Structures are given as structure tokens and as C-alpha cells.
Amino acid sequence: MEVRPILSTLFRNKTAPLLIAAQVALTLAIVANSLYIIRERLASAARPTGLDEPNIGWINLSPVGEVADPKTMQEVDLNTLRAIPGVRSATWANMIPLSQSGWNSGGMSLKEGDNDSGINSAHYFSPGSLVDTFGLNLIAGRDFTADDVFDHDPEQGSALPKTVIISKALAEALLPNEADLGQLVGQQLFNATEAPVTIIGIVDRLQTPWSNEGADGEQSYILPIRYLVGSFQYAIRTEPGQLDRVMKEAADQLSTLRSDRVLNSQRTFAEIRASRYANETLMAGLLIAVTLFLLLITASGIVGLSSLWVNQRRKQIGVRRALGARRIDVIRYFLVENMLITSGGVLLGLLLTLALNQVLVRQMEVPRLPAEYVGFGMVIMWLLGVASVLGPALRAARVPPAVATRTV
Amino acid sequence: MIRMNKLSKVYRTHMIETHALRGIEIDVQPGEFVAVTGPSGSGKTTFLNIAGLLEEHTGGDYFLDGVNVTGLNDNQRSRLRNEKLGFIFQGFNLIPDLNLFDNVDVPLRYRGFNAAERRRRIEEALAQVGLSARIKHYPSELSGGQQQRVAIARALAGSPKVLLADEPTGNLDTQMARGVMELLEEINARGTTILMVTHDPELAARAARNVHIVDGLVTDFVRREAPSLVAVA
Amino acid sequence: MFFYYLKLGAVNLKRNPIITALMVITLAVGVAAAMTTLTILRGMSGDPIPHKSDRLFYVQIDTGPVGRENPNGEPDAQMSYTDTMNLWRAAKAPRQTPLMGTSDTVSPERKDLQPFITTGLAVGADFFSMFDVPLLEGRFWSAEQDKAGSDVVVITRQMRDRLFGEGQSAVGKRLMLSQRELTIIGVLDTWSPLPKFYRLVGSNRYGSHEDYFLPIEYAVRVESGIEGQVSCTSRPDPGFQGFLQSDCTWLQYWVELAEAGDRQGFADYLVAYVNEQKKLDRLPRTVNNRLRDVNEWMVQQGVVDNDTVVATWLAFAFLAVCLVNTVGLLLAKFSARPGEIGVRRALGASRAEIFSQFLTEAGVVGLVGAALGILLTLAALAYVRQYARDIALLTEMDWLMLLTTVLISLVAALGAGLLPTWRACQVLPAAQLKSQ
């Protein structure tokens, strides 16, 4: 190929190629880093909670004043909910994953008196079966029975539960580097409540309300507690496809059941998820828009400068045609020239990409960019370059050879 | 070498037809030095463009070195230009961003010669026009006459059968023009057919054969003995 | 002459419509991306109360047992009831207030309105003057009412409009909060600082503001429901009293000092206070207090999130690409006209005049780009407003931002015009007039 003469031409007309190369370099740096952040965000927002998400709803009522007999009210509510056709399971729960507010405990340990294990866990409790209602996957041990459940009245300070179900992530934190987590069943867990509780089951996954990145976003345990306060929050699991109708009926029926309560919120799990990850989605959306705009702008820049170039070199193209260049030779000339410029930009961009990533890593705790994103970005830039120069190159190929003999 | 039968060229733009050439009959033998003359707008340039395969004719037939070029596609015409023809333009048309070596190299690359062959031919061609010492120079560093010599070297490097020259001395002063003309005569003396368009009767007079085009028709052609170089000097 | 160049610039914009459009759009998009993220960043990190942010201090005291300290050395983010009330009642600073989030059901008197749940803030009387809270009608409660925990409440204008109708006076009317009756004594004028710098812990920093304000002694007396973050290292004794006496941390505490220089004095007082408490067998940990002014507290709480900073970095890199692109396209546009420069030079234009003409033309591109950029910025902010309710109120672009926008794009275009213009001026008059 005629690389050397093209290079020598480029060196004698530095400005425009430098501008394109600089643009390619900057674009590569931004695109590679953006793509990675986009993927990170979307991956983070796509993490499973362990719940049967499509069929779960969460409904919340608040009392207007003091509540005399919360236990009966909860039971009436639950009976009402369970009577709605299409409801598979319903129970009271103190919180639900991704809701971003809830209960948390620290210092989880298998040893008595060990208060600073550093293991945190979400503190779920319910008088019913969250395994059923959340649709959790029990991988060891058993679920609670009615006998496990203890009433707790915070005004009184009542008896404490004796049993607990933990998530696999919590089990792994308690027993690091251990393949057989099943051996935890029957062991005592400390600091979940004041008294030790016996682990009776392990669920595969149960995200915390905060769903942090990493393992501690899935460290959870469930206690069998009936919480006797005037707070009415119910998780509902329906048969497939029934959720929207059931939620509407549930809201209607619970609202009309008594007049001394206010319907606080009713949300499907999809809505809870969308609200939890609104910022991630927004960020990814903005970055995608920025990336697309950027590619478009860079492409337009290459088209603009290449067109100008073709116009400036019409005569030269005609001469080359007169000297025997075929149309394909002319096209190839511009493609090779563009490849050289783009490659220069890509090499410079490689350094810029790593530098930008370095800044992001140091200042914002963004993870280091994996090589494949850089590679992907480079391929994109090459393709973009070729695609952008194709139009001007085809126009150049249409320059008639007779241009060579025109005097002006 | 160049044979045209009833060759014509019509430019059509919307409603108007312009007859640039109207039935040219000409037969140029190998080794001839033909000067094409004629007033402005007579069709000289069109004739040269067609002879040089830069434009297609619209009627008649054109045989270049025995090949009928009528109806050849763009690639075949490019190939023929590259192998059989050499061009010398009034404006030199060197590529300003390439040094002399690379300029002469341009047609050879399209020919597909290997690097060694190209180098040999480039050095030989530049030596022939007396510019071997300037091989790394750029066109802007040369005088007009020197630039035209480079253009001649570029035309010669591919060993063409026919050299087509379009007012080769039009942009040069008398001194330089004479040098270029002498070079062309030398080349012709070594057997290359030359077809030269010019409006300068003095130059035309030095060609062995003159073709006069007026209003798209070959109206006159004259044969005479080539004047000796001594006589002119 | 300037107007002549301006006219030429405007005319020339029409000459290469595609390249001109590309330049303007490129500039507009780059400016819009940069301005949008800058607006958000500025909204997040700007000083919310500039004239006294160095005199308002957030107080932290490390509570809880030895051995379970925060691994990063920070004391608890909030304070226990005991310490808060001790400091508040001692009133060693010119102004001070505790902060407690509450949540209640409001039962409107109007029969056409359903009861609804909303959040409020239980504070001391100094809160309003400390944070420059504007009053629309009525008054704030007095020091006596503060101490007595009177059943009075100040509501927001929004709440008044909702309960009593727009523009109707609410002062003296009753408000039923979780079936407790309070008297409305004041209505706030619109007050919605974002982020909610006065309450960075336990509430959404960019979320909605509290709807009502009541004396903290009242809230404690009626055992109002707590809305916010509660951290306990051990389970408190049963009942609300048990909770109040525990070392659970759930209150926030601000002081306002007369001068920024009084800070050391107050810090010394805090140390003395903690040592005093140690004698009563409280606060067993090593003294580890913090006294942070508004901006320090915002930085410590990571108010500007990483996403916004990343987005801002990317947006400015994006602007850089747009500028490079504009330079390229301007270069293309100008170098397509060496003939014109040659003619003008031959007709007697000096280099300076050509320079002014072309820079003016670049400036026209910048102005049009800025105008479009402003429209795009508004559209982008509207998009952000729609998709992230959290930061909705932040996305107001003010006139200063507007000016910055115009300036950035002008400077960008002029900067982008410098190189091509310099190149254009290098053209020799003769070189262009001679046929090529």
C-alpha cells in the first residue's frame, strides 16, 4: 500500500489531520469510559433481589391516631388480602428490598461476646413466611412455623424469638471459605437480637433495602416476630399476571375496611425497583445520549474536513486519474489516509483514555477500565472513521480525469 | 498508433447539444511527433482528452495501439492510460505534498511494479531529465522549467507508447520552454510517439507533422521534414 | 466597521449552510452538556447560606460503648437525646436548635379532603432565625412556648394552601396532627433550600421539604413518631422514656456563633461538657467531638455524589471535542475562501482588518451556538427534572448561568476561530489572484 507517500502528505498538511486525530482521541477517551460506566450502572440496576419480583406488591397504611389493638387489625387486614382472588400469599413485613429505608444490625457473629465482627446485616422480621410471600429460595433447613413466631410490643419489651433464617451472603460472611454452608443450620447466631437465635434455614438470596454493591448488599436475616405497633405494611404475592388487578382491589378493600387509617402507598415491586434505580437509569441514559451525540459530532467533523479536503484536491485527484488511477484506487487512497489519521488519534486516545480513567479512579472510586472496553472503543473509532470518510471518498472517485487538463 | 475514424464528441446539457468534435479522421504512426494546433475553443483540448482517454467520445471509433477503446469501462480505460500513455500538462500538475521521487512514483504504483522496479525506473527517469540531484526536493523548491521536467519524467517512467502534451511550455518563459521542447524532441528521437497540443506556431513548426483543428474538424494536416536542431538554434 | 463585519458574518453563515449548521449544533450541544451538568453540580455543592455558613456549626459527640467505635474514626452522625437536651438547655451559643424528624397523619377539617400523611420537623425556636426561614404571616413561637412545649405549629405556605385554600389566612386555626390538636401560629413563605443542608442525615437531601414545624419539647411530650435515622448500640429499655434515656443517637444539633472565630471557644466548651458527663458514667469513649461549619458538614456527608462529578468531567471533555470539531469546521469554512481574502487584501484590507472580519464571523457562530445551547440546556434540564424527581428543584438555571453559557460559547467560538483566522491571514494577496 502507498502508506509512506500518504504519511508524507499528512506531515506537510498537519492542521486538519491533527484536528481529526485530536477529536478521535478525545472521543475515544470519553466513549470508552462512558461505555464502561453505562454498563456498570445498568448491571448494578439489574441485580436480582431474590424475590419473585413480577408478582409482588407492597401496600402501606398509616393510622390517623392511636391504635388500640394492632394485632387484630393486622389479622383482619391479612385475612381480607388473602381472600382476594389471585393472591397467593400475603404477610406483614417490616421492610422490603430496594425501598432504601429499613432496619440494619451490626456485629453478626457465631461466637458469643464477639461484638466487632464487622458483619452488617439487614434485619427483616415478619409474623408470616417471607419465604412464601417474597418467593425466596430456601437452600438449606426449613421455613418458620407458627410456633416460631413471638409477639413483640416495643412499649412492653416482650419475649424474644429463638430462631432465624439467614441469607446465603450472610452465611458466607459468617463462614468464609467454607463450601458446606448447610452446617450453619442448628448453630447459634449472636447480635441479631439481645439473645442468641438458632439458624434454622438459609435462603439463596435476599437483598437489603439499600442493595449496596458487593456482598453486604445481600447480607440479611429474617426473624419470626409479630410487631405490635400501629404500622400496616403488607407484602402481597399474586399468581402470575394478576398483580395490577390485585393491587387495586387490595387498596380499595383495605381503605374501606376502617376509616381511621390512610392509604400511604401501594407499589408494585417493578415501581420500587424503578424508583430505587432512577438515578442509575438517568445516568446511563445521559451517558448514552452523550456518547451517541459525540460519535455523531465526530463523524460530522470527519465528513466536513474530508469533504473540504476532497474539494481542495480535485485537481490532484484528476491528475492521479489521468495517470492511471482507477476509481477504486482513489477511494482506497482516502480510506488509507483516514485509517492513518484515525489510528494516530486512537493511539493518542489510548493514553487519554487511561489518563481520564486514572482521574475517575482516583477521584470517584470508579473501578479501573477493563481492556476490552478500550479495545471496543478503538474498533468503534476505526469503523466510525471509515464510515465517515466513505461519502467524501466516493465523491472523490467521481472526479473526472479530464479535470487534469483544465487550466483553472 | 492512434487511429480515429469519424470520431465525434457531443456535449449534451438539458436542451442544448454542443458539437465539440465532428468526425475526426486521423492516423498517427508510431514514432511520429504531431503538433495539434487551432484557435481557442476549436476543440483541441477535447481532442486531447479523448486521445488521452480522459473523456469518452460519443461517435466513431478510436484505436489506441491497435485496441478499440470504444465502450471500454472506466477501469479498463484507467489501465490503458497507465500502461500506454504519458501526460504532460500545461500547469505541470505535480502533487505539491510529494517530493520528486514520490511524484514520479504515482503512476508506477498504479501499474503494480514492485518496489525495486519502481526505484530503478524513477531514478532512470529523473536522470533522463537531469534532476537526479533533486530527488528529495519538493515541487515548490523548483523553477517552472524544472517542474515541467519532473512532469516529463513522471510521464516517461512507465515507458508509455504515446506522450500527450497539453501546451507543455504554456507556463514557461522562452528560455525554459526551449529546454523542455528539446527534451521532448530527444524523447521522440528515441521512438516515443508524441501528440502535442499548442497554439504556438513556432513550436508547432518544430514538429514533423501538424494537425490543425478548427470548429471541431481536422481541416488541415501538413507533412514536412523535421528541421534540424542546429537550424533553429 | 464592527457592524459591517457583523453583517458579513451573518451573511456568511448562509454561505455553507451545512457546515454552518454543523458548527452551530456542535457548539450548542457541547455548551448544553457542559452547562447542564454544571448547573446540577453547582446546585448540589453551592453554599446554601453564604452570609453565615462559617458561623453555623453542626455538633457531633461520640456516643456509645468502648470497643464498637466507628472504624473510620468518625463520631456518630447524630446525637443522643440526653446530650442534645443538655447542650440545648445550657444554651452556651447565641443561638442553637435540636432537630427531630416527625411524621403525622393530618386530618383536615374540610370534609372534602382525605386525611394524609406528611412529615414535619420538631425544632427549637432559634431554628427559624438561624436558617433565615422567611415568614409569610403570623409569627414563630416564643422562648417561653419553646420551653413549655406549647401545642403550637408553624406550617408551610403549601400546606396552608392545601388545607385552607390559596391565599386564605391560617393563623389561629386548628391543625389535627395524628388526632392531636395544635394551633397554627405562623405560615412560612416559600423556603426550599436544596440540598436540605440543615438535615443531611436521615432524610432525602434532594427530596421534599417538611410541611410543619413544632416545638421539640411538645413532640417529645406527646411521644411523636420519629421520622429519620435511629442508631442504637444496645436495645433501649421498653417504652418511650426508655428510648429517651438510651444512648441511641437520633437527634441533630446546630449552633450559631457570633463570629467564625468563636469556634475554638465552643469546641473547648464541648470537650469540657464531655468530661463533665464522664464523671456521671456517661460517654465512655475517648473524647471525639466534631464542630463543622455548613460547608465542611456538606463535604463530610458527601453531598456532591460521584455520578455528578463524573458527568461533569465527561461533559467538559465533551465540550472539548465540540470545540476541536468547531475549529476543524471553521478552518474548513475559512480555508474554502482564500480567494475572498486575496481580493480583500488586494483592495487594501490590512491583516488586522481581515483578522477582525473573520473573528467577528466566528463570534456570530458563537452567538447563534449560545442561543441554541441555552434552548438545549433548558430542554436537558427539563428532561432531568422529569426523570429524577430527587434533583428536580435543583435544575433551575439562573441568569448568571445564562451569562456563563453565552460567554463560554463565545469564548469557545472565538478560540476556535483564532487558528483558522490566523491561517486565513497568512494568505498572500498575490498568491490568490494569480490563476492556479
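The chains carry the letters A, B and C, assigned in the order they are written, with residues numbered from 1 in each.
Keep in mind that, in the parts below, a contact is a pair of C-beta atoms (placed from the backbone, for glycine too) under 8 Å apart; a residue touches a chain by one contact, two chains touch by 3 or more.
Treat the numbers as computed from the prediction; the structure is a model and nothing was measured.
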item	value
Neighbouring chains shared between subunit A and subunit C, ordered by label	none
Per Cα centroids, the chain farthest from subunit B	C
Chain closest to the middle, measuring from C-alpha centroids that were averaged per chain	A
Interchain centroid distance [CA atoms averaged], subunit A/subunit C, Å	26
Centroid distance [mean C-alpha coordinates] between subunit C and subunit B, Å	76
Centroid spacing, where centroids are CA-atom means, of subunit A and subunit B in whole angstrom	69
Shared-contact residues (touching 2 or more other chains) in subunit C	436
Subunit A, residues touching no fewer than two other chains	315, 407
Residues of subunit B whose C-beta touches two or more other chains	91
Touching residues on subunit C, where the partner in the complex is subunit A	19, 22, 26, 29-30, 33, 67-68, 71, 105, 107, 114-117, 178-179, 234-235, 237-240, 242, 306-307, 309-311, 313-315, 317-318, 320-322, 324-325, 327-329, 331-332, 335-336, 384, 387-390, 419, 423, 435-436
Touching residues (chain side subunit A, partner subunit C) in the complex	15-16, 19-20, 22-23, 26-27, 29-30, 33-34, 37, 62-66, 106-107, 115-116, 118, 154-157, 193-194, 262, 264, 278-279, 281-283, 285-287, 290, 293-294, 297-298, 300-301, 304-305, 307-308, 311-312, 315, 356, 359-360, 363-366, 407-408
Touching residues (chain side subunit A, partner subunit B) in the complex	2, 4-5, 8-9, 12-13, 315-316, 319-329, 400-402, 404-405, 407
Touch list for subunit B against partner subunit A, complex	45, 48-49, 52-55, 74-75, 78-79, 81-83, 87, 89-91, 93, 95-99, 102, 105-107, 109-111, 138, 154, 158, 166
